[in-house]
Amino acid sequence: MIYMIEDTINGILMGSIYGLTALGLTIIFGVLKVINFAHGSLLMVGMYAAYWAVALTGLHPYLTLVLVVPVMFVFGYYLQDIVIQPIFRAEKNVREPITVIIVTTGVWYILDNLTLLVFGPHYRTIQVNPLRGRMLEIGGLMISVPKLWGFVSAMVAAAAVYVFLQRTRMGRAIRATSLDRDAASLMGINPYKVYNVAFGIGTATAGIAAVTLVPFYNVFPTVGVLFDIKGFIIVVLGGLGSIGGAILGGIIIGLIESVGPQFMTATWTEAIVYGLFLLVLFVKPAGLFGVKYDW
Amino acid sequence: MKILDVREMTKTFGGLTAVDGLGIEIETGQILGLIGPNGAGKSTAFNCIAGVFPPTGGEIYFNGEKINGVKPWTLCRKGLERTFQIVKPFASKSVLYNVMVGAFAVTDKTAEAEAEALAVLKSLHFESRKDVRAGNLTIADRKRLEIARALATRPKILLLDEVMAGLRPAEVDEMVAIIKELRDRGITIFVIEHIMRAIMALSDRIVVIHFGRKIAEGTPDAVASDENVIKAYLGEEYVVS
Amino acid sequence: MKPEKINRIALVLLSAAALGLPLVVRSATYLHILVLLYFYAYLTTCWNLVGGFAGVLPLGHAAFVGIGAYTSTILSLQYGVSPWLGMIVGGLLAAGVGILIGLPTFKLRGAYFALATIAFSEGLRVMVENIDRLGPFTINGPRGLQIPPLDTGLTNFMFAGKEPYYYSILVMLAGVLFLTYRISRSKLGYALNAGGEEPEAAMALGIDVARTKLIAMALSSFLTALAGTFYAQFTLYIHPKSIISLDLSFEIAFIALIGGRGSIAGPVLGALLLRPVSDFSRIYFGDTLPGMHLIIFGVVLILVMNFQPRGLQEPLTRLYQKVVNRLFHWGALEAAR
């Protein structure tokens, strides 16, 4: 029984981190209407950034946030501005440009394999790690401290993005663009600028996720792929474009992965995740939490 | 004979009633105009009839057959065809290709579809542009392409959604002539239009709607002098009582 | 000479070159590379029926390759069924699966279909990796299936040299290209293109868009599965990681987009341009620069999408047309003299 509770808690914690990795994906889809296949690779870039920040400066892993998040924002902003935007312009009249989706997969392949070339295939873990293996014991329950912090940062990040979208001028411009790009541009909003900012924010959230992962997760060139596919599943479960849905979708996946192995081999839980995904897609494509976003 | 008979049609979106108990009858071979101020529910009524979404209430009969919620492609094969207010050409394809897509509604053979499409283009004096990419056409030609494509499906009734919006006066006159010619060929026309001059010249009868309800119906002259219509368009204060 | 005649001569010359190539290329390595080139061109042409004509983005075609390969291999290894027959069974199975994926997703926005195809393909891979036996069938999990090279010959779809494989895949490629050509000029082709470009207008013109997409999907998955059987018979070894891989699915999509999706020549052009890049960079940089060809793919893709969003097929066709016109005028001049 105690294991069951522990697995459940662990599942929720890890799941919220999955949700955090998918947060950017849902933001970018909501605004650009494009599934960013490079999102996992952006997460990977963030993880390398955090890894090197710790390795070179000896900073506490969480302090690298102040470095990684702005760097990732700028990286995402200009990635969209320089690489993706021209294709958007070329396909202006297409409602859902397939070419843009494919270009993001091109970015994925370039980032992953460049990293492989530069840093090699080794698995890396940070050496200066005050959080390594730290556990919190509550009444016999063992809870991983870095995962707990991951949970906290997922909640804070989701709330912050939500407040930003609701309260700020830029946030309103982003929401307006996501509802109707043409109408927004008639109101004096430059949609391409909004795309850049949205992509930047999405990438920055991947940076937050990266920093929370680095203390307990290996860093290697294809680490993003694992989170990429999971991210797609999460955002569809939660409803494409919904911020709360991303976190909840992540928690569902986390629970299946941590509680599932009690009943079956771990690899089968992966198959169940895909099955659930297809089921939701067929039965309730707007996502489990019923937000019908056709924006 | 009534080719289209809309009875008590209602369409609501959430709490908003866009069309409210609308009744419209069209005789075969007539041109019926549907007018009303912006947001009166004209396009919603059109979309209900054309099968884009089913009406919330009421009945629609086409040639005596109830067509509530029948899909657009089935309606097309039955002979009810529509054009779009915002034209939707297959932009990367040639004009001929566009019209052939329509012609395939009446034949399965490519050669026949091509012959049919060419005949339609010829009848609209449009064949000189057959190899032009639809995306490169002028707005007037795009509207003409909409009609050509629709015509190639050999409709019995044609629903024209603002085919004259954005045209220059000379082009409007040309379009009026084309539509009259279509009627002379035996196609019933149901037209939404904003350009009053055109709809007055064109229609046998006009239905006026406002806030989803019918407020007047009759010949162009009768409608033009109707007090309710003037109120709806110009506001209360312009009516001298 | 009339342009049509020039076209026909060009086609005949091209066919003759393709047929005669094994007489010149004696190296088994190069023949192997050529076979894979045709294999990819074939797969991309199948993909193009959905991804090009129907205007949606399938990203899990490796699943159909896997279904084809596993079906025919299991049937021939364990039941002695000829791979030719197994090929058809696998094709039908794949078509059924294709319809099942398309049925709910073709009514939704394109992103959902793309994601569903990925999820299905990845889910299938995970399943195959975890199943050793499924009812009466031995699947062998991650170890895959090995086909012992015992009875070579046409009936067993197994040959000692590479040449017969070369001609098999060449015939398959020619067949699927011809089919695509016929479809593109038929009612189905017009309906697919129209529905892909402007679904609402297509519906109003009498086209049941979702249904035509389903037909294309069924056809595409059927044909893709046939190539799966070919691949199994060619390599004599299949395992889930290599055959039901996301990389394969993406490479097909890359080839199609770079070559020019929605055109007949595009997939072949794309394969001609990209396959050598991947083969040669694997041969020359394989040890020192792993993943080099994927970086090149990515960069080429981004550049092509930037400057030729309709693929390289468009400028190349224009160039070819120019040459043909030159020849035509030159011929006319000669005749006048």
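Chains: A, B and C, in written order; residue numbering restarts at 1 for each.
Following the convention adopted for this analysis, a residue touches a chain if its C-beta (ideal position, glycine included) is under 8 Å from a C-beta of that chain, and two chains touch if they have at least 3 such contacts.
Fair warning: this is a prediction, and the values are worked out from it, not measured in the lab.
Enquirer: So that we know how the chains sit together, what is the shape of their touch graph: line, ring, star, complete or other?
Expert: Contact pattern: an open line, chains touching in sequence.
Enquirer: Farthest from chain C in C-alpha centre terms, which chain would that be?
Expert: Centre of mass proxy via C-alpha means gives B as farthest from chain C.
Enquirer: Measuring from CA centroids, which chain ends up nearest the centre of the complete protein set?
Expert: If one averages C-alpha positions chain by chain, the most central is C.
Enquirer: Between which chains do we find the greatest number of C-beta pairs in contact?
Expert: Here the largest contact count links A-C.
Enquirer: Which whole number of Å gives the spacing of the CA centres of chain A and chain B?
Expert: 48
Enquirer: Counting in whole Å, what is the centre-to-centre distance of chain B and chain C, each centre being its mean C-alpha position?
Expert: That gives a centre separation of 43 Å.
Enquirer: Would you kindly tell me how far, in whole Å, the mean C-alpha position of chain C lies from that of chain A?
Expert: Roughly 32 Å, centre to centre.
Enquirer: For chain B, which residues are shared contacts with two or more other chains?
Expert: As it turns out, chain B has residues touching two or more other chains at 91.
Enquirer: Can you check the complex and tell me which residues of chain C touch chain A?
Expert: Touching chain A from chain C are residues 51, 55-57, 104-105, 108-112, 114-116, 118-120, 122-123, 126-127, 129-130, 246, 250, 253-254, 257, 289-292, 294-295, 297-299, 301-302, 305-306, 309.
Enquirer: Would you pull the chain A residues touching chain C in the complex into a rising list?
Expert: Residue list for chain A touching chain C: 29, 33-35, 83, 86-87, 90-91, 96, 98-99, 101-103, 105-110, 112-114, 116-117, 121, 225, 229, 232-233, 236, 240, 265, 267-268, 270-271, 274-275, 277-278, 281-282, 285, 294.
Enquirer: Which of the residues in chain C come into contact with chain B in the complex?
Expert: Residues of chain C touching chain B: 185-187, 190-191, 193-194, 197-198, 200-209, 310.
Enquirer: Which residues of chain B touch chain C in their complex?
Expert: 50, 52, 71-73, 76-77, 81-84, 88-93, 97, 100-102, 104-105, 108, 110, 113, 149-150, 153
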